[in-house]
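Labels A, B and C are assigned to the chains in the order they are written; within every chain, residues are numbered from 1.
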Amino acid sequence: MRNLLWKEWHEQSWKLGFACIVLGALALIGMRSRILADQTMAMWVCCLGIMLLPLLSSTGLVPAERSEGTLESLLVLPVSARKILVAKTVMGIALCVLPMIVAALASVLVTGNREYPASAMLGMYGRFTVASLYLFIWMLALTIHLPSETRAGALAMGMVIFWGLATAGFAEPSTPRSLAAISPLAPVYVYGSAFERCPPLVVMVLVPAVIAVILWNWACKRLTNLEGRP
Amino acid sequence: MSEQPVIEMRGVAKSFGKNHVLRGVDLSVPAGQTFAFLGRNGAGKTTTIRMLLGLLKPDAGQVRVLGLDPRFQQLEIRRRVGYVAEDQVMFGWMRVKELLAFIAPFYPTWDAAWAAELVNRFELPLATRVKHLSKGQGVRVALLLALAHRPELVILDDPTLGLDPIMRKEFLRDLVSYLQGEKVSVFFSSHLLYEVEPVADSVVILDHGRIIRQAETEDLRANVKRILAPADAEEILRGLPGLLDITRAGRQVTAVVETIAAARTVLAAANVTYQEIDLNLDEIFEAYVIGRKETSNAQPPLERVA
Amino acid sequence: MFIRIETSSGLPITRQIADQIRSHSASGALLPGDRLPSVRQLAKELAVNQNTILRVYERLTAEGLLERRHGDGTYVSNAPSRGQAKAQRELLIQEIDRLGHRALDLGVDAAAVHKLMDESFARIQKERAGNRKG
């Protein structure tokens, strides 16, 4: 396992540095310049994060290796597909979480409590991070069989748009609230914003988590899919 | 050494959509031999090898490698089998020593001292990144990775693809010294027969999804021969047992038979004067794979110029 | 000892190697008491299956051309035995049969072949004498 993690780290660490710098700098500069209200600025940084990070990590972890041809070299080794995917998932999680932490710290350090309570700001970053983790799992599972990064990126982008619109649609009074729980973006929308009568916390946490686990297991099986190449 | 065959396949079939790549493959590879797996491009060699390693599941039939089922015990199999893929793409950014350090933990039987010795013998630069290695060095790295954990069986899928003739000879030399020397079973797929022949103990020919011949190389050479006889003997030749190919050539007719001994008896009984011609493995392969059992004119009939 | 293998020849590889060892022994390139390379060495040098080399050595040992000394390797035997002379004769007979077929194909009769043989021998002996001097 250690050697698998070492490999993923070496391959993806540049992305981690890049994302941390971009989000951190944006948060820093944005907050200092005060072109927008602190809360709005933070929300924009979070939105950039949730659109960039899951996509960057999921497309680079499997589709990129598949197109390069090195995935087969991995699958031929005496190691279960599950272990390979665990190492990749760990790296993906790091890629989704760490830059957000950097941006969150930068934001709080600059703004303190001046307009918006620090705890609320951290809460916002936190919710967006959880949502991007769920989104990452969704993207990983649905693009894992694709042989090209660009196709995977396109599909992932489509997913963000779809879930964004869908979750907004859940705000309609006629839709049952609990349905919103299946969306990976649920943590963002349902908590904090003016979303009356949101489902109980347990539901909001457990349902997406269960879906994520199911999707991840499904992804494991599809990782080894070589059927397309006789 | 166990007498159990290292590879066994019975009635294995595999299709990709409408493409029936394998249609009932029966194969038994005994231990301690160098086995050549021959077939045209697209005959299903790579598919077969992928099934041996558990990368693909057969649609029908049974596969056993070292007595284990690749569908359920593929990790155990891969630990005891060395594999060199055709045109292998390895992690280009890693340096050779990093690659070795990455691969080693997967194999409990990895022999670091042996790996170090192979690095020396293959003259591999440890600090160079894999993407900067020459093609020949790349193949040697792949061979090293396949040998370092002391496998019982090594599977090579067209390993000399893209190598120049000198590198190919070197590779075969390495195969002979490091694998045959250590009594490792070798399963070697190739479509370059002239290369395979000096090195293989036995050959198996895959064509149109089936095994059409399995034999020891010496036996094949000794038994499959070409017969050249005058054209009036065509009927007799056509009726020969084990006929693989028959062609008319002007005033003569020539046929390739599987067992020359049987053919000799028939021809002697029919009092036919004929000539026996030895065949190389390329020609034998050709006879099996594109042989025509109905006579056709190889050359246009000779015209009498009065 | 120089051995060349023609991979695309119709002749089996064991035949090719055995023939060349025999002719080296006949021509004096290999002298009685000379040590042959080990099976592993020769297999590696020629890029040929070790079993093939083993078979060649075994065949030539059975003929009496070579002898295996336990733990020491394979040597050219000191006294060419009857078996070896017989084997060499048989080789020659095969060559002569081939010559006979060719002659018949070309429409040359036995008497003409005898004459041509005598001329050939004379020519060859002259060449060899000349080479030895030079």
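Note that a residue touches a chain if its C-beta (ideal position, glycine included) is under 8 Å from a C-beta of that chain, and two chains touch if they have at least 3 such contacts.
Remember, predicted model here, so these are calculated numbers, not experimental data.
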Most distant chain from subunit B by Cα centroid: A
Centrality ranking, top chain (CA atoms only): B
Where subunit B and subunit C are represented by their mean Cα positions, the distance between them in whole Å: 31
Subunit A and subunit B: spacing of chain centres that average the CA atoms, whole Å: 48
Centre-to-centre distance between subunit C and subunit A (centres being mean Cα positions), rounded to whole Å: 75
In the complex, subunit C residues that touch subunit B: 5, 7-14, 40, 43-52, 55, 101
Residue numbers on subunit A that touch subunit B, as the complex places them: 2-3, 6-7, 10-11, 68-70, 72-73, 75-80, 224, 226-228, 230
In the complex with subunit A, residue positions of subunit B that touch it: 16, 19, 21, 46-47, 50, 53, 55-56, 75-76, 78-79, 83, 85, 88-91, 93-94, 101-103, 105-107
Contacting residues of subunit B [partner subunit C, same complex]: 34, 169, 172-173, 176-177, 180-181, 194-195, 197-201, 218, 221-222, 275, 277-280, 282-283
